[in-house]
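Here chain A shows up in two complexes: once beside chain B, once beside chain C.
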Partner chain A sequence: MKWIKPQYIAFLIVLLLNFALFRGFFTISIQDGRLFGSLIDVFNRGAPVAILAVGMTAVIATKGVDLSVGAVMAVAGAVAASLIQSGQPLGIVILAALGIGLLCGLWNGFLVAVLDLQPIIATLILMVAGRGIAQLMTEGRIVTFNDPGLIYIGSGALLTIPMPVVIAGVLMVVATLIMRRTALGLFIESIGVNRSASTYAGLRSKTLLIGVYAFCGLCASIAGLIAAADIRGADANNAGLWLELDAILAVVIGGTSLLGGRFSIPLSVLGALIIQGMNTGILLSGFPSEFNLIVKAFVVIVILMVQSPIVGNILTFMRPTPAPTAVPAPGEKTS
Partner chain B sequence: MSPRLWPLAATLSIFLIAYAVCVWQFPNMWSTRVLGNFLTDNAFLGIVAVGMTFVILSGGIDLSVGSVIAFTGVLLAILITRYNVHPLIAFTLALALAAAFGALMGAMIHYMNVPSFIVTLAGMFLARGAASVLTRDSIPINHEFYSTVTSLSYRLPGGGRLSVIGLIMVAVFVVGTILAHRTRFGSYVFALGGNATSANLLGVPAARTTILIYALSSFLAGLSGIVFSLYTSAGYPLAAVGVELDTIAAVVIGGTLLSGGSGFIIGTFVGVMIQGLIQTYIVFDGTLSSWWTKIVIGGLLFVFIVLQRLLVYASKRRWRKTPAIQIGNMPEVA
Partner chain C sequence: MQEQIMPTASPVLTADSITKSFLTTRVLDRVGLTLMPGEVHALLGENGAGKSTLIKILTGAYTHDSGTIRIDGVDVTPRDTAHAQELGIGTVYQEVNLLPNLTVAENLFIGRQPTRFGLVDRRRMERDARRILEPYGLEKLDVSADLGSYSVAVQQIVAIARAVDLSGKVLILDEPTASLDAREVDVLFTVVRRLRAKGLAIVFITHFMDQVFALADRVTVLRNGKLVGSKPIGDLTRMELVTMMLGHALEHESAMRIVKDRPRGERLATFQGYGLAGKIAPFDLNVHSGEVVGVAGLLGSGRTEMARLLFGIDSPDSGSATVDGRSVHLRQARDAIALGFGFCPEDRKTDGILGDLTVRENIMLALQARRGWAKPLSFKEQADLADKFVKALDIRTASVEQPIKLLSGGNQQKVILARWLATEPRFLILDEPTRGIDVGAHAEIIRMINRLCDEGLSLFVISSELEEIVAYSSRVLVLRDRQVVRELTQEDVSTASIMKAIAAEPGEVAA
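Up next, the complex of A and B:
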């Protein structure tokens, strides 16, 4: 039973609630060569936040946070839209958009690792200025485009699966493999637990931190490309607005500790899907979409309650005292 | 000059130089009219920034203030327009509610031992959501009390007007300065931000202080909501989106150390005025778009944060040189 995580149950409950609200929720059909249905929609709409959550997980695992992802999405979208409009080939456009995201991430990483700023503040700079930069690129307009290649990223399908879902899935699998099949994940966790101790143990903390923030910026630019391709335009004001908060929430739901040192990329992606499932459910039930915010607030509060040391103490206190012989073996998890 | 005063001095000189440049380019900006409007237009930002200064001084952050402003505005509009409650009673209710909300967040931060940004993030969602559930439209407020208050003003020589809400902001800054630098509560706030562990060992009541800090911040956000509703004569659930970031930027530009424990309330005032100056400059220029505000503020944030790092570095070196007991502010490197 160890592999059953509370997140799986939560996702299932959210899906079943959706089903209770709308009987056709699980109906999936194939239209125009792609899967179609409410369930697919949850995955498709949840993909940008899931991609952000992959990068955010790595950042939060180092005891950091990246508030700038929404603004980086807007910048990447603006770059892609303006370049494709000026007639650049698709490959260059995508490379440029991803490159600018990487650059933003490197900047954040430089501030955090080299200048030793608190992450929340270091990334605040780009969060405030990024949207302004995006506006500068689009000259305050919504730059629209009609390039079929770029639109394919947002609304195309590969083997009937919507493209955003494919991208998010591939990113999740690759990132998880790199983190868990190499020692990279362990290094990141160790920085999150104690950065100076890791440095003394011989880890190149600065390089790793910069790399982690750069990866997060890269993920944000991928999400920005998808968001722009989805609406066939770059809206510097609204692209990725508040998504940094959704991404943080997804990571928290996924059980990654905000204090660093413990993370799971697949569970963060599941967290993003849970959030999207709740969004869909609230839309289906006919409540105003702003009702979402209240639900999210309560989800955060419940998770904080569950994670807080006080509740842990109470639970330990209420647990029947084990018989003297039942001493837990060393290394066995007691929680 | 003590290194603690560097950021404040830097902020003040940047403001004076920038203002001088503006006046040199647009001589019309040198008038009491512009200065009076500075106070009126930035009143809500200034009031909420005082509360944020206390929070940041204590080493925390409050992301919920923008939503609390919007919620207060909507609540006032509904109480006054739909239920004919007298504005003064509505103000009292709104302020009490806001303070209780802040106290609850403070209690969660202290007793559940979670980072302040995640608790206030939940608070931000909650207040914004509650405002949107109350109404989705902008509700106008047409009460004679509102028109009386907005028409009251003190005429300055040169045609400028000191409005009531501008004066409220100045009063909040005066009270905030006294509270931070001249009371026991103020020294508790600085102590908690300087080093929470030592503060605890020295007998600072951490629970009470934390709860009071966040209650104060939300109370001032509520007051700011009242001022905002007087300013706009309406309540709108999507008002004041992003104000929390402007506020944090004002506090940082004002020279308060983000790791807590060092700063001045009056610096925040200058930080707010710098933001107002940028906006006024853009209005005067006429060709620049408003998003330049964001870029300039982002740039200023960067400059000031780097300045803070240099400051911390300098004070550390001083500390190393003089290993004797030194009552200074040694911000922890996060």
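Up next, the complex of A and C:
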């Protein structure tokens, strides 16, 4: 039963709790060629965080973290809104928004890989500065737009499936294939497990790190486009606000250790859906939405406790003790 | 050795039959240490000898499994650093463990600042700080300036002053001179001699032979977690001391030498005037295919630095390298790997294994890195590769899908070796390949080195085990004070000749 992951069970429990709170939770209807329903909402609302989580997974697997993704979302949204307002064609607008995200990621990667800054500090710089840049671009206003092409990204549907879900799904599948069908995933895990040993084995650790942060920035700009398209405007103050924390939480729920190493993109995406499921559940329950923060905090504590070595030791301690190992081999010593 | 107080008094500290194991590995085996008041006691040994474990037990960082520690005749067990200080044992580490962003006075009194009305009495603290530092010749030091604004030597002395003020019986100096220049070392030694004259027992850990002879009254040598001996320095020659540290049995040496006349292949690589300031002085090295170049020297003699330079981990600031007659630049490990080099580093845990990854992944990593990420080895290719080497090198693992961290040290070393063999290298650098490995695996690795060499591979092997080097090396480079001081060839290779070259007085050309 190795293929049953705890995340599957967690997601199922969250969905069933939702169903217990609201009988119509699983009811799905089609309106205007698009699926509707609470369950679809979980997927649709969860898509931006799921997209962030895809990039964040790669970063965390290298033993890093990217706090700037929320701010990069705001920057990408601001760029898209400003350009579409000034009458640029949709293709250019999307390329520019994605390009700015890539650039932000390259900057983070430069700080982490070349200057060797701690990721949490390095990305904190852009977390603060990025939102400032976005606010300058929008001059503190919410820049609205009504270009149907751009709006389609946020609220359109492809074969009845909402666009954000399509984009997140495609991104997840493509990223997973690239990671696992090439040696890229292994290299990223190697760097996260032991950067020094990876370099000794001949990996381009610096280039890989920069690439990973750039990818994370790209993902953030995709999420930023969706968020802006969804509200038909770029809100530099609130777009992507605190979403970096949700993305990190999603990755951690997905089982990627903050200490780097083994990762799974699909499980991180599932983590994002679990978080969104909890959000929706609290809304449906009628509790004030502030409860959401407390519930999330509680989930974080539980997950981190499960990952903590001390708890691990206690759990091992509670298992039946194995037979004591044999006497030390003569001459054996530590290095 | 002047102004020495004859240790007639009873010992300050006696550690007796100290034994300590980590899991199944015994790192200290009935080791003893006796410290007299007013002596500088050098504690010597190579990496893994157990020095630092012993110090950590004395300072309360570890608890010993058995044995006794007595201070002034009273049984004690230091619980932690603070408790050790209360008992009178103070420690100063190689890297100054004070806070550079606080003032000198704050550093001396941190955690025990004199207070007035519940507030820190700064004036009194600074007055007391000057009083503490006065005997160290630092009376003119501005104690209200940041500690970080002073040289490492001054910081080191402030650290000593704090340790002595807190403890006052035993002072442990763990490689205090590692980051000091010659003049600063003199200043430090003056301080240490003064403290000795005041009756302190000082444990002095260093890798520098000269400093041992310049400062120490007595020497205790550990090797492989066991006590080799404890002697007054006056009773020892350099040769005898090196023998205590490195060699144990000169008698069964003659039987060991396996490779007297191995045919030398063609020249593979040439390094001329290759060096990096502060790491290793420029050296010349020719490597021929099918030969083992052994490297001997004490810890800190520049062995590992030399290997890192050859593999491109560090870049040289002088000299040139030629491989296959073509000039090459080794700026990073990838450059060396592309030329068919491989490197099993000394510190297996930090630079070698990828603990959470499987044996299979650890074996295929270097080969995959050379192919690039876009050309993955198929799972079957990886598994075949791993199986092949698990069989060939007799790697004991439940399965190739086992995380490597679960393997024993010897098997981990074989996996790292397999990682490089998988790239079909021509030149393999092995830094302490048999460290931390049990006796069985030890012999296997040595057999493997011989076999690889017979197959035409060139090897560059660094080891503290002289018998080992003598056994497999075609020729031996001897390093001392970050210089290649001697190259021994053919019949000149013996543990005796190596030790003689290591122990030669500095400046003296080892003949």
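The rule we apply is simple: the second predicted complex is superposed on the first by the 320 of 335 C-alpha atoms of A that agree within 3 Å, B and C clash if a C-alpha of one lies under 4 Å from a C-alpha of the other, contacts with A are read in each partner's own complex, and residues count from 1 in each chain.
By definition in this document, contacts are C-beta pairs under 8 Å (C-beta built on N, C-alpha and C of every residue); 3 or more make two chains touch, one makes a residue touch a chain.
Everything quoted here is computed from the prediction, not taken from an experiment.
In the superposed model, A:142 makes contact with neither chain B nor chain C. Once the two complexes are overlaid on the shared chain, A:166 sits clear of chain B and of chain C alike. Judged by the touch definition given at the top, the superposed model places A:90 against neither chain B nor chain C.
Contact with neither chain B nor chain C is seen for A:103 once the two complexes are overlaid on the shared chain. By the touch criterion stated above, A:284 is placed in contact with neither chain B nor chain C. For chain A, the partner that touches more of its residues is B, with chain B and chain C as the two candidates. Of the two partner chains, neither chain B nor chain C is touched by A:231. Once chain A of one complex is fitted onto chain A of the other, the partner contacts of A:10 are absent, as it touches neither chain B nor chain C. When the shared chain is aligned, chain B comes close enough to touch A:292, but chain C does not. Once the two complexes are overlaid on chain A, none of the chain A residues touched by chain B in the first is touched by chain C in the second.
Note for the complex: chain C touches chain A at residues 21-27, 47-48, 50, 224-225, 311, 313, 332-334, 337, 343, 345-357, 361, 365-366, 368-377, 409, 419, 432, 435-440, 442. Against chain B, the residues of chain A that register as touching in their complex are 65, 111, 115-118, 120-122, 124-133, 135-136, 140, 236, 245, 248-249, 252, 258-259, 288, 290-298, 300-301, 304-305, 307-310. Across the complex, chain A meets chain C through its residues 181-184, 186-187, 189-190, 193-194, 196-204, 261-262, 325-335.
Contact residues on chain B toward chain A in their complex (touch as defined above): 61, 108, 111-115, 117-119, 121-126, 128-130, 132-133, 136, 237, 245, 248-249, 252, 258-259, 289, 291-295, 297-299, 301-302, 305-306, 309, 333-334.
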